[in-house]
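Take this structure, written in structure tokens, and hold onto it; I'll ask about it next.
Chain naming follows the written order as A, B, C and D, and within any one chain the residues start at number 1.
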């Protein structure tokens, strides 16, 4: 087998893992709506309206989880634009990340159910704790692929790779902060979670974009 | 990096965003069936039949949401046949649109539950209000991409672009009308929602088709 | 625009409709499992076993719907190997077919709930009635595409097209028979539904295969 | 039709079956989260925490099913890298495998509900029994494709094919052991199921990798 043939086969393999992962991201992000429950037994319009408005923590959890899974999808995709081949270790670590992503609707449901209540702190801690784990899985996946540029495209710039490594390593710390905040203030913890998703969506914060990775051939 | 290489990378990026969006559209449209509840505890066939027939608002909501998401999918696809490259702004605005699309099963469930009851007007207003928001997101996405043809294919005809801008800008107004109608008549509001989906499905109403966009190289 | 360019764009369009339809088929077929309910509150293993075995109509409905959606997917795919371009009419008729497919989990749930009970006949009639509608939509889609070979590949053999038209036209009749049987015997109606799916899965019954359509360039 | 044209059409067909199967795998693996139930009515944080921790069998079932479907997806994909064309028999056997995969969330839910209770042995037996069936379907699919290399790429190495046949044939036996263990010890049966998924994820255990199948052109 010549090198060109092998590179084509590698590209097909990584494309397939990416397509499967995309499917899981798309399904997980769409299943979040099942955590929004239709209020039952409201007699009057004003009762229904009050019940719908009273569910604001559920909408906040829905939007936060949607934004967070969306950002994870974008970053997963950007990471794979640098990865040129796969191996079984990558498959397993990618599987671990997807395990975390498919789990998200559950803590989202816990948060939606308990936010305005006494048990809200535990719910918020479980929610942020899930993101700590996912952020760790994200870093494991990246470290595994990027270590000595093991699975990266040879054209990948060392400075870009290091910038990504630094940027991703902040993720677990940020979510750990949100985890800790949950025990002080549920609202502060949730706002931090949502703010993180919005912050990471800003173009200037992304080393893969800022450093021109998208421009690398 | 030469221009041809860059164009190929751009095409791959937009194709991927489209594929992810398609997945979300397909899942959201298929999850609508979960808003149809199997009647429980019917002793006789006639009771079951009566219970099934009595759920007509749920079927109407199912069909209307299906048709509306379907039309949004078709238009999203048509829009992307004109878009030749993406950036972070487009990603965020596309994410906002998908947030609206994944939310649809929830107001559909509210509508299915409350249509024939006193709280139906609030339910119909929530339902149409969701579409107002989605139609606004749709316009934001298009305006962002089409402003000075920022992200459009250079071959895109200015007259076609302007015709699309005009056609899309009517969307929020139509859904706002359905929103207002909800407080007068639930039936009129729902019929308008369904009529809009059917109207926009008609070939002659679509400037992308009428003006021959599909023919542009 | 030259003809080769147009043909490529047409192929891309039909591929995209097929991909979206495939997504809807895959999701609908996987959502069927949600109609299987975990028995609650069984104290002993023998109670759980009895409860699980007692749910046999739900498994039968699950397998029958799975097989039927699977066959519809295969035939939809085969149909699209003959279709070389799309138009808005095809989009709408394909949407009508997908509406039917996404609806299937609901009558499957009704059937699973009521099969061994007095209301079973109504449930079985609703179930078969859904397939009558879907089979009609299938024929509409095919007739629309195949009329004077409007949207078909020019190389499509007229004899093959006519054989498919004949084969598909039997579908609504078969399901109408299952619909009628439901009022006489629920078991006979269900067995017919499952038998139809198995029968159509047999290679020799498929004119697209038998007549060598797969061989046509 | 010349041979090159036919090979390209074959490749397109197998790619499409693989894409559909991937969709079903991705959806089934993501639906598993619906088996995790949000505890209702917990007044205090400590109650919620206790309720969440008390659901450990549900998490164990979730992780085990996720890992098992994930491994099945990887193996399905590897199998299809050797298959170069499809026929109706393969379609039907692949459908049988997918039927098993889409069913997995149901026994997972049964296991999650009953593991720490008296009925747990029956639940664990149903769970492992499902995997016995799926492993058998997997072997049927492989035997059908690999018999006299009927549907395999001509370049497929006979020794590799035989190694895969041997490796896959162990699957049903392992799950049958887990099935038998369920009646002795629920914990031992579950640990075996999870251990099997982890074991098969190890690169060195996979003859398709070990024997260099990935290297074959």
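The definition used in the following text is that contacts are C-beta pairs under 8 Å (C-beta built on N, C-alpha and C of every residue); 3 or more make two chains touch, one makes a residue touch a chain.
The structure presented is a predicted model; accordingly, all values stated were derived computationally and were not measured.
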Chain C against chain B, contact positions shared by both copies (same if over half, else different): different
Chain whose Cα centroid lies at the greatest distance from that of chain B: D
For chain B paired with chain D, centre-to-centre distance based on mean C-alpha positions, whole Å: 36
Centre-to-centre distance between chain D and chain C (centres being mean Cα positions), rounded to whole Å: 25
Numbers and ranges of chain B residues touching at least 2 other chains: 19, 23, 27, 31, 34
Overall pattern in which the protein chains touch one another (line/ring/star/complete/other): ring
Pairs of chains, among all present, that meet the touch criterion: A-B, A-D, B-C, C-D
Interfacial residue positions of chain C with respect to chain B in the complex: 1, 5-6, 9, 16, 19-20, 23-24, 27-28, 31, 34, 87-89, 91-92, 95, 98-99, 102-106, 109-110, 112-114, 118-123, 126
Of chain B, residues touching chain C in the complex: 19, 22-23, 25-27, 29-34, 36, 38-40, 42-49, 52, 62-63, 66-67, 70, 73-74, 77, 201-203, 206, 209, 214-217
